[in-house]
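Lettered A, B and C in written order, each chain numbered from 1.
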Amino acid sequence: MVRFFTRPFAKRSRSAYRWFDERTGSTELVHKGLYEAVPEKGGWAYTLGSATLVLILLQLFTGIFLLLVYTPSFTEGWGTLNFLQTNDRFGAWVRGMHLWGAYVLILVIGLHMLRTFFSAAYKRPRELNWVTGALLFFLVIGLAITGAMLPMDQAAYWTLVVVTNIPHYVPGIGDGLRQLWRGSDFVGQQSLTRTFAIHIWVLPFLLFTLIGVHLYLLRRHGEFGSWVNYTPATADPEKELAERLRRAEPPYPTRRSERRWAVPRRTVEFFPTQLFKDTAVSLLFVTVIFVFGYIVGAPLSAQGNPATLTYVPTPEWFFLPLDQVLLLAPGTDLIFAGIALIGVASVLMIVLPFLDRSRERQPLRRPEVLLPGFFLIALLILLTVIGANRLWNL
Amino acid sequence: MLAAAPPLQPIPTSNVGGSIAVAIVALFHVQIATFLTGASFLIAVSEGISIARGDDRHERLAGGLLKAMAYVFTFGAALAIFWVLFVLLGMWGTFFIALTKITFWPFIFEAGLFLTEIVLLYTLYANWDRLRAYRRARFGLAILLAIALWWQQFFIDIVASYMLTPNGGDTNQLAQVLNPTDLPLTIHRTIGNIAWAGAIVAFVAALRYRRAKRRERDVRVEDIPLEHSVGAMSATWYTQADRARALRVAATNNVAFFDWAGTWGAIWAISLTALQPWIGYSFAKEVQLHAYPAWYRMMFGDISTVFLLQIFLLGVIFILGNLYFWRRMRASGTRGVRTQVLMLGFLVVATVLAAMPARFAWTYADMVAAHKTAAWWDGGWNNPIGTMIPNKVIALMVLMIAALVVVTSVVRAHSRGELRWGDATRRSQWLLLSLGVTVSLMMATMGVIREHSRQPFLIEGEITIQGQQILNPATQGQGVPSIGSTP
Amino acid sequence: MSTPMSRRRFLVRLTNAGAAVITLMLSIPAIGFLVSPLFQKRTVSWVRVGDIDNVPIGLPTPFVVAMPIGQGPPGPPVNRIVYVVKTADSRLFAFSNTCTHMQCNVHWDPGLSQFLCPCHGGLYDLTGNNTGGPPPSPLPQWIHRTLVDPGTGHTILEVQNTFDESI
């Protein structure tokens, strides 16, 4: 019955599609995207990468809407957002989704890094994937903290003051660095203008460039999946490897030198299995953001007042470990040491693939990498929880 | 008859006697409760590993730990009830009733979880062997037990931290739960409990290893009683000759098992204790910020003698662990022995740096009065090397990093299959025994520090021990004590 | 070079030179602009704080003052606190309530008789010396001067919108 009505259109739409396809090559593109070979095992674990991308796009999307209403003005900025919170329920919802999107994004990008770290997905030939990913992590943190400075309420103003003061502790050039960011010695209108520009253009530009590189590299070498894909399943690894090579579609490299670790045991097509898993996980996260964005929303404290005597500046939750480091000791030298320590740890994280060059992928056989990694992660989590009561200032 | 209830009278013992009784019971309770909480975590982890990897040793360890938990819990529960009913209610009644009224819901939840713990623990204990056919159900029960115990600790931490930093929590429930020292205390205890349980595992394994190794050396079939242990290889009857061989095999197996168990426990103990210096420091920082008088008393005076003792014990824990791993790796001839020796150097230097006093006089005033404010190499009593900032902080960081390297080194040796279980010497087990004793001493020291820091208050700024008087005069004159708000 | 340059190599070099010049022409203004705040002169001006005759001795009194930023494009002045302290030995201080640790807002706590920074517990005494917690240096002071108001005869305090770097 349905066919009776759609058949005349079906014929015409088929030819219309053919016209389009001849000119754009869209079918080939879609096929290349959808029917890529991905490893069978580890599917759920590596949905986190696509979830991160979805969340970043969500931030871009909600951010554009906020751009339509917000003015980066020291005096008027708060008013625009306050109007949103009090008069526009949907606007407040969008703002809430932007905030919770940021929080969930930081969580998910952390989980994504944890997964790739654990399954050794940064080993040859995917080192640059990790490097771009680590840089993306820092860009996301940068975006989160510059975003926190924009609403110009008490929380935002004092975050601006305290965070732009951190470069002050770098010996020698510290004051200069601080001035470069703030635009002057003290925080004023210029600081907000610069931070706004950084948040909506400079960092997103770098972010999307690196995402492009990251995705390109991913497609080039194929998804890694889980480390179990690369352990021999039969008693004759060489034969198994030859069989795997025969079955594997590109992009998994089949050059002789990389055979040993590049080809997963079994592959399936990206569409529909993996795409379904990716969508399910993204759905979960977006639902959380959707719900929390409305129920909890984004708080907006009183207008930023530099002359306050009662407001207690509070770090964002993802800056709590840094806050704990700053708490450690008085004295300029040790504070710089704390910041330098964080800098060193960050650099080590970025160059991890060049530190861990062994071919071993099984986690239990890489304790010299996993144990320090887990130690660091445990410290981060524990310091966040220890400092958490600061968030409520009770 | 309907007159107001008479005011509560303290029972006729001295305050000193009451304090001593509380101190003794508290010392036992702390060591027992923390062991139980940590052991429940280790049981769940061990059982999970044994399911995932089909490893018998982990199952045997989990079963043995569970049996120990059941025994210890039985005694500990009786002690806790005794403590609450007679010591706390009887001797510190005013305080305890006030506290129960303020932190009513945390206490209720904690008590509910206590019941849950009883049910789960004894169910597991009675059915451990029977549930071997249903490994995942048993694993699930073990996880539930660990969860119940952790939440129990969480709720009692609300009460304990409220006593130190009340923070307006007598009127505001949220402020009570989120008082400044609650989360740091919970984190500190969670990590410490697992480390303590690991140290106990190492201690018991060391004793059993020594016995098993001795038997391997000079075993006589007639002298060895049959081993009945939960989760062990079930007893099967052989002929006498077979029995001799089976017992020798069991002895060898025991040797291998207890060697492995001792190292396993020590790894947990050292790796988790490696996190504690920073956690403890942050915790002390919160106390300093929100309960300054308590922080100052916590330091036990100008040169913080008891704190120096604590740092010293911490360093000793790391050194004992390092020594044990060194001897253990040497016994099996592994390659990473040099790392352990190098770390020993770092640990010793860091411990000495951390544990030295900042001046060789009891107080700063003494030093000034005697005109000896110069450094000790200039003839004075001052010790600039012993300053907290930055030297002791650096020493603590060195301890943390060195402990991490120590643990990584031994785990690496194990992952390469370089450790042959059964190789450890009987002599090296003394290090594990000392480790257990040192951790116990450490926990006792911390108990002393905690209680002393709050003196004379039981709830900081509100209720003292001496008369169990409530400081806020606005609430005097009522029959049943009520709670004043924070001054 | 001994061999004559080929046409191809010449073209490549010319292209490179052109691209380099384009890059230079783009980056000189850009980098210059970026680092310009470091070289801009600050416009320093005197700002009236108010009548300090009623400020009690030993009790820091906060005054809210609208400070011009003095640098960059013209913008609204920022409200800052000037803590006026008169000590028993007749010294006058005009403190900024910017903590020297992470620049949180410091306030006078009468219970502690010290300036307290709520962020990390930094403490300063009445004369601004850092006495406890993380702050590495004393409380910053505004450059100040006093005038006598011709009309009322009261002492008027004025500060410059800059810290006194000599302290």
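Please note the rule applied: contacts are C-beta pairs under 8 Å (C-beta built on N, C-alpha and C of every residue); 3 or more make two chains touch, one makes a residue touch a chain.
This is a predicted model, so every value here is computed, not measured.
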Distance-maximising chain from chain A - centres being C-alpha averages: B
Chains most often in contact, by C-beta pairs: A-C
Between chain C and chain A, distance of the C-alpha-averaged centres to the nearest whole Å: 35
Between chain B and chain C, centroid-to-centroid distance (C-alpha), Å: 49
Touching two or more other chains - residues of chain C: 120
Contacts with 2+ other chains: residues of chain A: 327-331
For the chain A and chain B complex, residues of the former touching the latter: 324, 327-331, 333-334, 337, 364-368, 371-372, 375, 378-379, 382-383, 385-389, 392, 394
Residues of chain B defined as touching chain A within the complex: 167-168, 172, 174-175, 178-180, 182-184, 186-187, 191, 271, 274-275, 278-279, 281-283, 285-286, 389-390, 393, 404, 407-408, 411-412, 414-416
Chain A to chain C touching residues, read off their complex: 74-75, 158, 161-162, 165-166, 176, 179-180, 182-190, 305-313, 326-332, 335
Chain A contact footprint on chain C (complex, rising order): 34-35, 37-38, 40, 42, 62, 64-65, 67, 69-73, 75-76, 78-81, 97, 101-105, 107, 118-120, 130, 133-137, 162
